[in-house]
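Two complexes are shown next, each including chain A; its partner changes from chain B in the first to chain C in the second.
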Partner chain A sequence: MEENKKEKTCKCKLFATCKCCKYLPFFIGFLVTLGFGWLIFPNLMLTDKEQPVWFSHKVHVEEQGEPCETCHYFNEDGSFSGIPNTESCATCHEGSSYVADRVESESGEEGYVMPVETKRALDAETEYMEKYVETGKEVPWLVYQYQPDNVFFSHKAHESITCNTCHIVDGATNDNPVLQENKLTGYSKNTMKMAECESCHAEKGQSNACYVCHK
Partner chain B sequence: MDFNRRTFIQVAAGGTAGILFTPVIWKTLDDISIWSQNWGWIPKLNRGNVAEKATYSKMCPAGCAAKVKSVKEFPYATVGNEANTITKGGLCPLCLSGVQMAYSPSRVRTPLLKTAENQYKEISWDEAMSIMVEKIGAVRKKKNAFGVISGDITSSTNEVLSALCRSLNSNAYYLMPSDARTELFVWNSFLGGSGQPAYDFADVDFGLFLGADVFESWGAAVAAKEARALTPDATYMYAGSVQTRTASIGDWLPVQNDKLTAFALGLAFHILRAGKRSGTSDFAQFRTFIQEKYTPIAVEREIGIGEKEMEAIAKRLLAAKKPLVVAGSSFSQGGTSTAFVASVVLNRLLETAAFGVIPEAPTVVKNAMKRSELAAQDIMQPIIQGTNFPEVIITYEANPFYGLPALRNAVEVFQHSFVISMSTYLDETAEKADLILPANHPYERHDDSYAPFGTGLVNYNIVTPTMNSGIDAKTPGDIVLSLAKSLNVDLVFANMQEIVEAKTKALGATSSELMQGLAFTKPANKVPTKTILGALLLKTATIKENGKKGKYSLAPQFLLNIGTVSLATPPLNLITIRDTELSYNDMFVAMCSTTAKELSVMQGDKVRVSSKVGEIVAKVNIAESVMPGVITAPIGLGRTAWDHFTKGKGANLFNVIEVVTESGTNMNVWEYPAVNIAKV
Partner chain C sequence: MAAVKDFKVKWGMIIDVDKCTGCGSCMIACQTENNIAPMSEDDASNKVRALSWMLVYELNNEKTYPEYEHAYLARPCMQCGVPACVPVCPVVATEKNEEGGIVSQIPPRCIGCRYCMAACPYHSRYFNWHDPIFPVGMDKTLSPNAALRPRGVVEKCSFCHTRYLKAKDRARQEGIDPMNFPQEYYQTACTQNCPSGAIVFGDLNNPEHSVYEMKKSPNAFRLLEKLGLDPQVYYYTEREWVRKLGDNYLKDEK
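What follows is the complex of A and B.
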């Protein structure tokens, strides 16, 4: 009688003896959505965006020996220059093309084969010169840490913290990573959330009053 | 395992429970909240390259050397220019709002012709020019039928306007009332001086201020404040009816404003007794006058300050290495000659290096009037007489329909004239004018500033265009040059830029330095020995009262954050007005508890302040920073034009300010108007 009842309620032989089997559909539903929520959903909300031109911080910092402050400096009033504009970049690039000049000098050597990295740099520089320097247009660089307008962030006040505490690229970055843009908000995945700002402020004993960031 | 209804519900329940342990709901809600902050109609910050251009901001009477900051060529802020040796990076509350005012909703956007009361028709610049030529051409042969009212004493635009005025058979050139005009007139007409008194605040170790709110609004307040910042050990004393903002940083000596001359001459008695002399031709006469009339007993009887206290103040002046005495009206206009003359006397007896003379600027426009000539005419004279008022009048940076005393009477006089208002804003004068010409904002024009009143050096700054708001407005000087050309008056120059260049050259200044916002400076001259102390004037100048005098004295205050006669409170400054100055639309008059008790009024009660010329209603603020028998309130409120930010807030004190005549100089003065007060 007992066995007949089991057979009636559960035909699955594998779990024939499992008392929890009656909860199996619940667990399946639970696991499916859990998997969806953690593995699929985050990427579903993001769009990958490439930078408009290949740019290597590594080439500029390590190979050309330029300190970060050449391009990212503080203005006299303490405001941060941010990303250099085309005019600033053109002060080095206009008229003379670093990669092209190097290739020209090296290509005269016997058996010269252009390395892949050099070819990529040459193509990027050519594209940059043609599209932006010669036309005077600004490069629509994608910013990984773009804060909303209602946040007042002072780089000067955060000067003592190393840049890559917040920024995902630094002087050693050769390939700028893909920017993952949230389809709904339009912000980068890496944009720092308020909780992170508050957490850091709390750790460092700084005020978390609203007016500190929201003027 | 069957898939039946029960199974489905179980899967769904499990799925729902599972989703709660994932970021799906929470992240989506968070994203939606962020998405809702970025709807299309929400303004976005214009991020980009930040740049700054130097100019000289003329939002306040003295002006401030400034840099206009822009992002992606969109101007957004004004900051001080530290490289300028006059204002040293300082900026007044009006110049600070300079950029915002360029976007003001009260800007005049196109030439307007009045068709009926408060009705205007938009016209083109060509039509406006034709109307001006017709109106002015019709009166050009009549003596003084064309006139000008100027509110900016420092600009070379005065040269263009005054040259045109003379060419049209007129000397009717009037400056809006100010302490600058009073001092220029008295100095040049009664004391044998030339040029303009210079007040060098650098290294002053003791400053005595007679009614002049030096560090707030008198003269070149920013230059004075910056000089004070460099001399932290300096001490100051303010004598006056009200503990002004200047008084708050030094000692306040409560002296009724109309007794300040007696106070200063009482100090002169002690300084003479200490052996100080002056080589002027009227010194003996002056000494006799003081020794007879301003003895310690007489002074104590008049102002209530005893001999010991007076002597102690005189000793502070005598002990100072670089003392400076400054006299002025509490609201920088309508002052008497005597307080100014008394301050000159003290400075000269003390032989202070802080007091000197700034010579007249060379004129570059042929036939133009010098500054002392501009100051010679008193606008109140034809208004009071009601005759000889110009038939056609141009107002330049002036707002007489708001800022003339006994306002109602003054406005009536204008009814018979054709008023052409060159104005940046639709102010009270523009609103009543027959023809309104949109003047560009001070940051959009070529202009200059020679030696603002209250500065201590010969100094020259230029105004260069730093922005363009896109409004079809013109530089006032350029409008007048075009007008002159149309009237066949040859003023040689084609535009203001050429005039500024010529002035730069005539002064020996370097154009490239001026363009960077650097001031051209030279030391002021020493006071010439040929000038006099003004003994005769001090003897004869008294106020003639017209009929019964009001019981209380009104001591208006000129607070730069609230605005000037010609510039209403910038919207950004509204939050700086204290709730004891203005609450919603009600202005406060401050009085001490003794006065309040006498009037049987309490804090917040409404009172009617009246005089023979008009009345206002205000609320009572009880403050012990006002002497008994005196009430005070700021000028600059009670606007009837402008925009919704300022219109209708508070009351205009000029409605109750009565003009009296000073015998001896025959000047019209209104420094301490008498009023009556009654509880409403």
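What follows is the complex of A and C.
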């Protein structure tokens, strides 16, 4: 017993050479805990989720020249249409395989090597046609921005604000980012927080009464 | 006492006590619109624990036949101009600060202390003694207009407030001022479902809405007006004894 004690004091002497050094272990432990709490733990809480099919806004908006309103528009009562359903995508996609047709006409040329991007589009289109257009099923799209159901959000009121102020997807997005879902709450990491809504409202002189956003 | 806030738009209701048949449609409409669970795990007839944002009371003139008369009085939240419930809330879960004058209730902020219930002279506030449990199948018919409230928080009538927000969107879509749209754009569920048309709903400050003139009738009154809470719900009756009851006069009072 005695011996053990001696050994311990001995070790401590190493640190005791300078006065602040004896706080060093505490300090390191503190930093490690902070690092864990701030950098590692929040990511442990998130699971990554992929969109069910590769849908590219760039292909449809920039390359095909479709305006946003083809797919995201306001209904007569001012409510927002949200994400288009399979039926409305099918007005273009039913019976016509754009990418497959393009590949077929191009592959006739000699020495044709299918570009990686085209291969990817072909796979996505085939998968999309088989799984959804032909069966008429809805695509279970993931929305990066869904709010808890006690929040009321109106796209009509924010019509004058560009979409990517709040969204991480816009007309130039080619690859949909993964959705980082909080394991505990089930909400996406990109869901706008109340403080962000409120700070813009305050800036723009908008009301921040609770019943503006809550139901 | 807190100062009365002035609102450009002030939503209000006039309930015609003489037209009310006591059928209870307003109560049912309210419960479906606002996702109030049928309380199947407890005795649903337990008046202390049941939730009914809109409640119909039976009144009578305490006389015997042939003078006997009765009346039904439907009671939503009065959305008082000077609410008694707001200043007592320790966590600012209830406020009266939104244009339209509807007293807000934010259940996730509520800590369930129930001071507001004690303060409200109209018994318009209810405490969730249970988690909302819906019978299988019924959970698929829930309304998107109201979020479910868990056990342990207080809730109350909101004048079907989400309908107001949606009406403003409709007005914006049609290019109408969202602060001044026609009455029929925003009607509460109880108003729409009253078979005898006893409830009229609209903006008390807007001359184009029917409540504007109706509230000026000498037969219009408010409940417990003498408390000075300035409710936004009016009642209408041609019977004096009902009006007297409305202000809770003592029998020997003049």
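Operating definition for what follows: the second predicted complex is superposed on the first by the 197 of 215 C-alpha atoms of A that agree within 3 Å, B and C clash if a C-alpha of one lies under 4 Å from a C-alpha of the other, contacts with A are read in each partner's own complex, and residues count from 1 in each chain.
We adopt the following convention: contacts are C-beta pairs under 8 Å (C-beta built on N, C-alpha and C of every residue); 3 or more make two chains touch, one makes a residue touch a chain.
Since the model is a prediction, treat every value here as computed from it, not as a measurement.
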Q. Clash or fit: chain B and chain C on chain A?
A. clash
Q. Is A:L184 contacted by the first partner chain B, the second partner chain C, both or neither?
A. first
(Q) Under the stated touch criterion, which partner chain does A:S207 make contact with: chain B (first), chain C (second), both, or neither? (A) second
Q) Just chain B (first), just chain C (second), both, or neither: which does A:P148 touch? A) both
Q. Counting only touches as set out at the top, which of chain B and chain C does A:F30 meet: first, second, both, neither?
A. first
Q) Once the shared chain is lined up, is A:F41 touching chain B (first), chain C (second), both, or neither of them? A) first
Q) A:T135 contacts which: chain B (first), chain C (second), both, neither? A) neither
Q) Quick one: chain B or chain C, who's touching more of chain A? A) B
Q | chain B versus chain C as contact partner of A:D77, first or second or both or neither | A | both
Q) Looking at 61-69, 115-123 or 169-177, which bit of chain C clashes with chain B? A) 61-69
Q.
So chain A touches chain B in one structure and chain C in the other; where do those two contact lists coincide?
A. 75, 77, 79, 148-150
Q. Where on chain C does chain A make contact in their complex?
A. 95, 97-100, 102, 104, 106-109, 144-148, 158, 161-162, 165-166, 168-174
**Q.** Of all residues in chain A, those that touch chain C in their complex
**A.** 74-79, 148-150, 152, 154, 156-157, 159, 207, 209-212, 214-215
Q: Using the touch rule from the top, collect the residues of chain A that touch chain B in their complex.
A: 10-12, 21, 23-34, 36-38, 41-42, 45, 75, 77, 79, 82, 85, 87, 138, 148-150, 182, 184-187
Q: Over in the complex, which chain B residues touch chain A? Could you list them?
A: 1-2, 6-8, 10-19, 21-24, 27-28, 31-32, 34-35, 37-38, 44-45, 47-50, 79
